[in-house]
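What follows is a group of structures, each given as structure tokens.
The two complexes that follow have chain A in common; it is paired with chain B in the first and with chain C in the second.
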Partner chain A sequence: MTVVDIPPPLPVRDRTALHERAPGALSPMLTRLAEERATGVLVREHGTLHLAEGRVVHAESPLAPGLDVLLTARGTLDAAAWPWTDDIPAATHRLLVAGLLPRGALELCRLGALYDAGYFALAPSSTPGRFRYGTTAAAGPPGAVRPLRAVPVTALERETLRRRELLHRIWPDPSADGAPLIRADPVAPPPVTPRQRAVLDRVDGVRTAPQIARELGRPAFHTLVDVRRLAAAGLLVPRNTVPPPPPLPPVTDPDIALLKRLRDALEAL
Partner chain B sequence: MANTETALKECLTSIEGATGVALVDYTSGMALGTMGGSKSFDLNVAAAGNTDVIRAKMRTMEHLGLKGEIEDILITLSNQYHLIRLLKGRGGNGLFLYLVLDQSRANLAMARHQLKRVEEDLEV
Partner chain C sequence: MPGIDECLLEAMRLPGARGAALVDWTSGLALGTVGEAPGGDHETTAAEAAELARLAAEHGAFSTADDTEVTPPVEDLIVSNRDSYHLLRFVVTSFDATVFLHLWLAREDGNLALARIRLGEMAERLVLG
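Up next is the complex of A and B:
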């Protein structure tokens, strides 16, 4: 007689334990990189984070307008003065050296852009992130000027979580964040602020919230806040990209037909 | 032109009775810089919460059809003053300075005046 041994259960990663170990961690990989004070570029599905010695020095996301857009859109910086290059950290460094912009203004704008792109870079993703060790250009050549302040990973994670909660509190439906938006026409529209009006004016059934942010030269998260408030006020809805369900087959049951006639009559009252 | 850190430091050292100060982005509620505060008084939490104060006031003014702009908001507690000063910078991205004062040591008129000067220095 042969005895069949039950094979031992396969090891399964305990997700709850993982979560408890690092409460609020958005990316275990990022936490580990911060601990080992790594330098390089973390590429995630919706954006990239540049690290220098475990701290965030630069963030980019296709969903968030870059520092170039934020600075030039409203005339904070003359568009001609921006050293047009894809390497934003290098361009920032050159602005700083040339003294084209007060250090404080540049610092604040760059910090805003970093947290904005970081929010999208740390959004839940369906693919694993990749990290490329190496030097990051964001530190700039040493010596010339004091580099702009780097952001600790924990600060970026905490702020990203706070932003998620803020959006959830305003309007818990995230479908308006990425979909093309259309205007709704409530019976008694509530008053909107001039900032929200500018967003609403650009809602045309094609543009999405990040595209509107880019056009207005505003951080994308700030536009999401406005969009969610407008959605909560019933002034806009995401365009449904899913086709409507097929119509129900005609009903032949006399009881149901009677109920439907009754409903139609009541609605017509 | 001061950078953020020096401006915040100036608030804490030159304004009598100041115990904490934060520079806050008004739409997202994020503190771009904080200084002072304590374990029991988290300036980041205070920053986020006070954006709602400003928003409520701005909405009320809009409902009333008032055209003026908010310069500052004063909140008086039994032992503290909280002073909120909105910045009108070139960036125009809605920032405000949030200053916590110890009521027994602070000179309110002086603090308001000094905060205004810091704002001019900051020139964002």
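Up next is the complex of A and C:
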């Protein structure tokens, strides 16, 4: 007689223990890299984080408009004046050295873009992240200009968690964040703010929230805040990717037609 | 050329200044902080002040007659309590940003009128150089 043993349960990652070890940590790998003061690029599913000595100096995400878009969209910087290069930290440094923008404006815009892209880079992902050790300079080559501030990993993680909570409090359904949006027509539409109006005007059944953000030259998270508020107000809905069921064919069956006439007659009594 | 930190340190030189921060009113993120925070925690203060600033910036009741979409129509907010003043000054940027300077003043030593004028100048210099 063969005795069949029940196979032992598969190992499951103990999520509670993970949280206890590093409260608020979104990526154990990132926590470890910060601890070992690593320098290089962390590539995740929805974005990349550039680290210098364990601190975040730059973040990029296809979902968040970059500093180049934010600065040129509304003519703060002439598109021709942007030092066109894929290396945004180097371009930022060049702008700073050339004095094309006041330091305050550049710091403000760049920090905003970093936290914005960081939010998407740290979004839950289905694939593990990869880290490429490298020589990411703190903010361009050393020079007379003070480099731009690096952001501690814990600060970026804390802010990302706070932002998730903020969106959840506004409207708990995240389906409008990435889907094409369509306008809804509530019976009594609530008033919208000018910033929400700009978003709503671009809702056309094709554009997604990140695309609208890019067009407006506005941080993507800021656009999500307005999109969730508009969704909560019933002014927009994500377009359903599943097509609506086809309309019922016109009734031709004489029996059904008779039954319908009978029903109508009974209702009219 | 002043950056965020220089701007906040300058605000701290105003008589009675206890703390200052540059805050984004859409996300509630503190882009820079200096000095004390009213509740002891700059992040919580920033998030709460951002909520107040957002309501003032977005509600039609506080808009001007020539309503433009570009900037918040409100220039600043003043909140006073028994021992201090809070002055929130919106920063007008040419790019799309939603930020304000938050200055916390001790009521006994603070000069609200002076602080209001100076903070306005600082907000302008921060982004215009």
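FYI, the second predicted complex is superposed on the first by the 226 of 269 C-alpha atoms of A that agree within 3 Å, B and C clash if a C-alpha of one lies under 4 Å from a C-alpha of the other, contacts with A are read in each partner's own complex, and residues count from 1 in each chain.
What we mean here is this: contacts are C-beta pairs under 8 Å (C-beta built on N, C-alpha and C of every residue); 3 or more make two chains touch, one makes a residue touch a chain.
Keep in mind it's a predicted model, so treat the numbers as computed, not measured.
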item: Fit or clash - chain C, chain B, common chain A; value: clash
item: Touched partner set for A:239, first chain B, second chain C, both or neither; value: neither
item: Which of chain B and chain C A:73 touches, first, second, both or neither; value: second
item: First (chain B), second (chain C), both or neither touched by A:164; value: neither
item: Chain A residues touched - chain C or chain B, whichever exceeds; value: C
item: Which of chain B and chain C A:216 touches, first, second, both or neither; value: second
item: Which superposed partner A:193 touches (first chain B, second chain C, both, neither); value: both
item: Chain B and chain C contact sites that coincide on chain A, given as residue numbers; value: 74-76, 102-105, 107-109, 111-112, 115, 159, 162-163, 166, 191, 193, 195, 218-219, 221-222, 225
item: Residues of chain A that touch chain B when the two form their complex; value: 74-76, 102-105, 107-109, 111-112, 115, 149, 159, 162-163, 166, 191, 193, 195, 218-219, 221-222, 225-226
item: Residue ranges of chain A in contact with chain C within the complex; value: 70-71, 73-76, 99, 101-105, 107-109, 111-112, 115, 146, 158-159, 162-163, 166, 191, 193-195, 197-198, 216-219, 221-222, 225
item: Residue ranges of chain C touching chain A (in the complex, touch as defined); value: 1-4, 6-7, 22, 24, 26-29, 31, 43, 47, 58-60, 67, 69, 91, 93-99, 125-129
item: Contact set on chain B toward chain A in their complex; value: 1-5, 7, 23, 25, 27-30, 32, 48, 58-59, 62-63, 89-93, 95, 122-124
